[in-house]
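When the chains are written out, they are named A, B, C and D in that same order, and each has its own residue count from 1.
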Amino acid sequence: MANFFHMGGYAVFVWSAYGISTVALVWLAVSSLRASRTTRKRVEALRARRRKEG
Amino acid sequence: MSTPLSATFRAILMRDIRLAWSQGGTGTMALSFFMIAVTLFAFGVGPEPQVLARIAAGVIWVVALLACLLSLDRLYQADYEDGSLDDLALSPLGLTGVAAAKILAHWLATVVPLILIAPLLGMFMNLAPEGYGILLLSLLVGTPALSLIGSIGAALTVSVRRGGVLMALLVLPLYIPTLIFGVGAVDAAMGMVGSSANLALLGAVTLVALAIGPFASAAALRLALE
Amino acid sequence: MHRFANPAEFNRLADRILPWAIAVMAISLVAGLYLALIGSPPDYQQGESVRIMYIHVPAAWMAMFTYMVMAGASFVAIVWRHPLAELAGKAAAPIGATFTALALITGSLWGKPMWGTYWQWDGRMTSVLVLFFLYLGYMAIWHGFDDEEKAGRAAAILALVGVANIPIIKFSVDWWNTLHQPASVFRMGGPTIADSMLWPLFIMATAFQAYFVVVFLWRMKLEINQRKLSVMNRAEVYG
Amino acid sequence: MDTPEPSFDAKALSAHGLACRRGGRMVFEGLDFSVEPGALLYLRGANGSGKSTLLRLIAGFVPAADGELMYGDDAWGTGDAALSEAVVYVGHDHGLKPALTLRENCQTYARIMTGKSLSENVLYDAAETFALDRLLDQAVRFFSSGQRHRASLMRFLLADRPVWLMDEPTVGLDADNREKLAGLMTRHLARGGLILAATHDPIGVAGATVDVSQYAARATVQEGWL
């Protein structure tokens, strides 16, 4: 297992490449999903209020 | 009814050329920026002739490009703010023709003076003697694309507050081919290699810009009129 | 085409596609990572660092693919004045920009062991850098206008002008690169890619593609909801 | 005052079910009106009800979301050129270049709109109508806003076109100039021209009225987006 992480001496480059990519893509996915949910809730809340007043 | 179209085109052309050189016009501003910015490179890089000669063509082309960009910011904004854009939209020429006239006026009034003064700056930068002719030629062939593409950026940001910075971000990436082939032509000529390939490509980029520029600018101006 | 004009219709379609896309993404990601990190052999010249290629190349592909999606959406937005097509451009741009940034980062991390520098004005990397600026410009113009519909049409015009210029920029950068850059012996990805390397590349590309579909649909829902919110607020104001 | 000008062979301008979206909301919908040659239509309505938007729609600056505008039998041109033969639009902005004199501004406007320069007496009469004849050779940047507004009204006299679109023309005019404007409009109607004026101020010229706020859109937004 050790040499798996060692990556033949290129560990820093390989793992930082994979690491940065994972962080970026996960963050983008999570923020997009969360934002789509929060905006949906706000739309429903506003819609409910308009129906009550309407 | 065709005569009024050319008359209208000329009228817009003459108006913009006169305004570019009237008080507060962009003509003098672009020229002075061009000179000052090039000398800044000498201060930054140092007066060592060999170094300056090596980067002369690149510096002159980049600064000419930036001077062109700076002067395009007000190309449509001035007319948008004082309401004459509405009148221009109602001219027989139509917005595409108006955009073409204003782009040509900008090139003649603001960019050609830069080209005429480029040899003087070549001297400052210790440009090799055989570089002057090709520098002028490459600027002549390439800079119309700067006005044409820059016009699209100016039209897109005409109703945008502080649109100048945004316009630079939109337009500068599109200036890269003109810059590469322009400087390439000068380097090729000075390297005693034929510069005709670079000049041909430079001309091709300008022709593409000619096809896109007025049309896309008119579409963007229609947005601002709404 | 107008069947999707109604956002509710689009949401229903998205909800049908999402589970499948997520499944494909998960499976291909697991398989792809396994092959990329363990299943494939190291390169005879680059050793283990070639594994970075399995992220760098798919990211570069997705960077270009996403801009094409934006250009296609912009064309539809302008020709048919389709509100959802405008939003599709806005939803796709951040994903494309992220892929472009990752292509640049992984490319420089991959180049460092080989060329000794993090940035080598290599033709392809430079083109990706310019593409990144085009993304920045596109995303910036959206925030330039108070009226979103105007912002949408301006962004659509910009995307079309951009896509028309991409081949010219690509050509000029390659031309510039060959002039100043001695043909680099080391080509990105080696002279020929062995089969054992093609599979991880292909599967990782599929994973990235599926990822794009998933996040794009989420962002479309987000943009549609945001447009609804601003519309309702404006309805409040104007009554 | 001068030789009777030839009458326009203008046609009726009529709208059927006209609707317009602007700034992300439906400003008005189902709007119908008809203006016969020689008639004046006042556009009344609260601020923001869409008076100005309707004028800009007729001028071709804003696309109609629904309905149609007819000029005689054929559809009113929303393209660039068609409107340029028929419409003079004077809005809130004066459309003058501060760096140029009033004479230069007027000559430029006339050449752009009609392709021909103005004869001296036409220009002088137009300036005299609004007591600006002494200022013909003054740069507009020295003008007061009232003078600039009166100068912008001169455009109706500089391009001989049948359809006049006026947006709050009497703002800042004193009694004498309002009378002059009324006389101008009456003469234009007598020649068979059409006028649409968005104003609350009874200029003293007989004309039908349409209250744009009655056509306010019920659902200001497409169904799907609520």
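Quick notes on this structure:
Simple rule for what comes next: contacts are C-beta pairs under 8 Å (C-beta built on N, C-alpha and C of every residue); 3 or more make two chains touch, one makes a residue touch a chain.
Please read all numbers here as calculations on a predicted model, not as lab measurements.
Relative to the centroid of all protein Cα atoms, the closest per-chain Cα centroid is that of B.
The chain pair C-D and the chain pair A-C differ in C-beta contact count, and the higher one is A-C.
Here the CA centre of chain C is 48 Å from the CA centre of chain D. Each chain gets a centre from the mean of its Cα atoms; for chain A and chain C, those two points are 16 Å apart. In this assembly, the C-alpha centroid of chain B lies 31 Å from the C-alpha centroid of chain C.
A separation of 54 Å divides the Cα centre of chain A from that of chain D. With touch defined as above, residues shared between interfaces to two or more other chains in chain A number as follows: 47, 50. Residues of chain C in contact with at least two other chains: 228, 232. Residues of chain D in contact with at least two other chains: 226.
Screening every pair of chains for touch gives A-C, B-C, B-D, C-D. Residues of chain B touching chain D in their complex: 3-8, 10-12, 14-15, 18-19, 22-25, 81-84, 86-97, 218, 225-226.
Within the complex formed with chain B, the residues of chain D that make contact are 22, 56, 59-63, 79-81, 83-85, 87-89, 91-100, 108-109, 111-116, 152, 155. Every residue of chain D that touches chain C in the complex is listed here, in rising order: 21, 23-25, 48, 220-221, 223-226. Within the complex formed with chain D, the residues of chain C that make contact are 5-8, 146-149, 227-228, 230-232, 234-235, 238-239. Against chain C, the residues of chain B that register as touching in their complex are 149, 152, 156-157, 159-161, 163, 166, 169-170, 172-174, 176-177, 180-181, 184, 187, 201, 205, 208, 212, 216, 219-220, 223, 226.
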